[in-house]
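Here you go, one structure.
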Amino acid sequence: MSVLDLPSNREEAWRWADLGGIAAAAALAPVARPDAQFLDLPGAKLLFVDGELDEGASELHRVTVGAIASSDHPLGRRAARGWTLRLDAQAIADPVQVVHVATRAENHLGAAIELGDDAVAQLVESFVGAGWSNRFTSVRLGRGARLSRAVRLTQAAGFVSLRDEIVLGEAASFVGTVLAAGDQGARVDAALTLAGEGGYAEFGGALLTRDRLQQECAVRVRHAEPNGQSHQLWRAVAADQSQASLAAAVEVARHAQKTDGEQSLRGLLLHRTATVNLKPELEIFADDVKCAHGATVGELDARALFYMESRGIPAARAKALLTHAFVADALDRIADETVRAAFAADAAAWLERTL
Amino acid sequence: MATKNAEAHAAVAKKYEWGFATDIEQDFAPKGLSEDTVRYISAKKNEPEWMLDWRLKAFRLWQTMQAPDWAKLNVPPIDYQDAYYYAEPKQKKTIASLDELDPEIRRTYEKLGIPIREQEVLAGVEGARKVAVDAVFDSVSVATTFREELKAAGVIFLSISEAIREYPDLVRKWLGKVVPQRDNYFATLNSAVFSDGTFVYVPEGVRCPMELSTYFRINAENTGQFERTLIVADKGAYVSYLEGCTAPMRDENQLHAAVVELVALDDAEIKYSTVQNWYPGDENGVGGIYNFVTKRALCQGRNSKVSWTQVETGSAITWKYPSCVLAGENSVGEFYSVAVTNNRQQADTGTKMIHLGKGSRSTIVSKGISAGRSDNTYRGLVRVAPTAEGVRNFTQCDSLLLSDQCGAHTVPYIEVRNPSAQIEHEATTSKISEDQLFYAMSRGLDAEAAVALIVNGFAREVLQQLPMEFAVEAQKLLGISLEGSVG
Amino acid sequence: MTMLKIDNLHAEIDGKPILKGLTLEVNAGEIHAIMGPNGAGKSTLGYVLGGRPGYEVTAGSVTFNGEDLLDKEPHERAAAGVFLGFQYPVEIPGVSNVQFLRESLNAQRAVRGEKPLSGAEFLKVARAQADALGLQQDMLKRPVNVGFSGGEKKRNEMVQMGIIDPIFAILDETDSGLDIDALRVVGDGINRIMRRPDKAVLLITHYQRLLDYVRPDRVHVLADGRITRSGGPELAQQLEREGYAEVAA
């Protein structure tokens, strides 16, 4: 498959995708392998360098590595191998940490996570290095199973594309958070299906872009059964000539009554050369549902900035504080304190560099 | 008085001169849309050379284009080479008397309180033309009176064919400037074969002394499927224009592809109100109009303002996005829409607000009401250019679902390239609660009246934008459109 | 003359029996109070009489002025002269009180073969009723019950009753949410509008306090879906003193 074998921007779902950015990332020259740091958490630790497992630096625990079932998604289908986590009913796993290091060109890796009824797992992934890192993650949650997943993109260059296909069983819960705070382009492409009654899905995060980078999320949550709840909370901050795009859709199937689908998309432009695109989409086929979305774009509140400055806070710092508050909403969804603190620090570092 | 009557007769006679219903049937090969067709139309209208060239250019372009493929609209393929789509654009199938009319349409006329003779005109009853001449005779005189008054104010209000002949420079200056020929498939087709339409020019500083309406024109002149409207408001001018009428138009033309262009110069304001109630087809989705309209306004001047208000209840398929290009500093665009779909109707409608000018502002209020097995989509774009400092937009999209077999969709695009912009978008989806229905019924309203009342409440923000007499009819129309939608 | 006659009424919601053989007669010129503990079926009785969907009558009959009431749609009951005052009046966004009531009233008048009231005629009636019940005039123009306080909603119900001028009113917990002044105003309203030889009222209430202002001719205790005791006004006071458990048993 050639790197140029990508969809076109004329296709609705790829309107804001940075396809040139992917091609450019795949052509990057090799870089030195950066340090890979795991967070101080118990459980499995997986280090992948250019999509290959570094066994010496990894502790697999319940995770296995091998072939995975692939997807027909234009990006997702490129991953044929990957790691698998299978939990039986009732099982509670220690966190699984994955660090993805890119040192050159392109790498593709899959992951399959299957949780039995009432099983619980936590997943933390980090991307570092330079190149095009392409990931396909398939998640299947049994009745009452719970998965939380936090992903941070902090590559120094290149592009990260994520394709997630997540299916929730009855009363299952998925909480996903993505933070893009590096100097890479990004596409967070996800399809969540609430396939059982009473499912609960949160998918959100923050995209922080600068220079000429383009980052986007393209998330579709489908309520196939009644009484489900979904929340999509995204924040985008765009500086310089960058572009951040948030496309989030809620789809409610014919008989998925009593669905509660919520979207909150907010964009913040730091410079007049930056672009924020939003598309909060609703597609509703059931009549007894509560679906609301809010979307705003703007700049920081000038009155608040002045107020802080008049109390002695330098302008840049005041901007950083307000911007950080703007982003914090999206990261608050991370339940684990260690993880949340690490993500908040990445966001803070990005703001420090940018403002 | 005598003069007035003479003028009216002349106007009527003229109408037949232009009407190419019978002529075409005799002159023309029935099948195939070709350059000859375009030449024929142009010749019939005694158009100048530049106009023919303009049409031909559009036609050649159209031949290279592909019909749009819209995901949410289920559009059966249209055979453009079937002569009936263009060669008889003005021909309505005649019926001998109102008794032959679809009883549903008849009932709607009665509910709207339309007089019998006017019903006959709307329905295309054989011989009704004569009746129409008599019945509309007063209207013709009225129209003539209007014309005198408008003329005194300097307002030009003509059919576009007349305007092309009488005010070629004005028309040539603006035609296709807002909706370019290559804009989209249907606009290009319209540019090649547009049959007639309206031209309005309001000169500098003039506040048009009355609401302009196509009502008479549509009834009397039957402007048909490829309408072209061009309205220019010069500096400081104001005009309010009403399009359509609340009665369902019975029409054998399946495809309607109109183009409407509005231009507002410095400090000018145009208010454009539409009530669209073309035949939607029966409850099984048989028949009905495909309404593919391109409507766009250019707010070119400083402080210019264009306000679109639409009530869409008709057509089997509606595909329209009345839009504003807000080029002028501090220009204002507004879009107020109610779209009702019932049975098997499909509506895909919304707006585009393109902010280019500093301090430009826009407001979008869209109320979608879906019933039966219909689909109702709001599709909109708010774009802020890098140079557009201090832009404000507020968008509110509300959907009301009246059945569990219909669909309501909201597809808003927001593209912002200037940090000083303040863009807010809100959307809600709801249904009529059983509590509301029971409460209204316990006060004496039957189920349909209760639904109509609640729906009118839902659509109120939009309805109150309409001129008074239009608003009252539009309210009735909402109720009628939703009949049978509540079990 | 018997106006409302309820005979052995059984009704259920979602298959759960609530009314279990309720029998009651109300004559023209009378005000009856239905009292009872929470969950006894008081509101259900109001809704069944008003024809609310989901309340299924499984046995028994109700006639109103000799006609089968249960056979009628809710709006037909309204046209027949039955008014249901809601415990929780419903909000209808975008529809003004004036529009709502004028359409309601004219729909009822049409059924009765009376000619519709013009806007001006209607406004005159509406203003008079709003004044009498201390409801601000601008509340008439506001959307039905939207943003009204609890007390305002209840006054609004009474304004509606005054405008519609029914012959039989079922008032469900009309006193809840009212302070003492409002209670007096509402009580006076009920007396003014409804205390007439050709009209009757069924007051559904948990507390006796409204009965200080609207003196009932008969008081009934409703417990577990049946009338367990009936008496004069003194029964209400006894209930207040001794509680439902004692009296109803």
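Per-chain numbering from 1; labels A, B and C assigned in written order.
The rule we apply is simple: a contact is a pair of C-beta atoms (placed from the backbone, for glycine too) under 8 Å apart; a residue touches a chain by one contact, two chains touch by 3 or more.
What you see is a predicted model; the values in this text were computed from it and never measured.
K.L.:
Touching both chain A and chain B, which chains are there?
P.N.:
Looking at chain B and chain A together, no chain touches each of them.
K.L.:
Which chain would you call central, comparing Cα centres to the global Cα centre?
P.N.:
Per-chain C-alpha centroids ranked by distance to the global centroid put B first.
K.L.:
Report the inter-chain centroid distance for chain A and chain B in whole angstrom, where each centroid is the mean of the CA atoms.
P.N.:
Comparing mean C-alpha positions, chain B is 44 Å from chain A.
K.L.:
Whole-Å distance, chain A centre to chain C centre, using C-alpha means?
P.N.:
Roughly 56 Å separates the two chain centres.
K.L.:
Please compute the C-alpha centroid of chain B, do the same for chain C, then give the distance between them in whole Å.
P.N.:
The answer is 48 Å.
K.L.:
Under the stated contact criterion, what part of chain A meets chain B in this complex?
P.N.:
12, 254-255, 257, 267-299
K.L.:
Residues of chain B touching chain C in their complex?
P.N.:
Contacts found on chain B: 433-436, 438-447, 449-450, 453-454, 456-461.
K.L.:
For the complex, give me every residue of chain C touching chain B.
P.N.:
50-54, 73-75, 77-79, 83-84, 86, 89-95, 99-101, 103-105, 107-108, 111, 143, 160, 164
K.L.:
Note which residues of chain B are touching chain A in the complex, please.
P.N.:
Residues 71, 384, 386, 399, 401-431 of chain B touch chain A in their complex.
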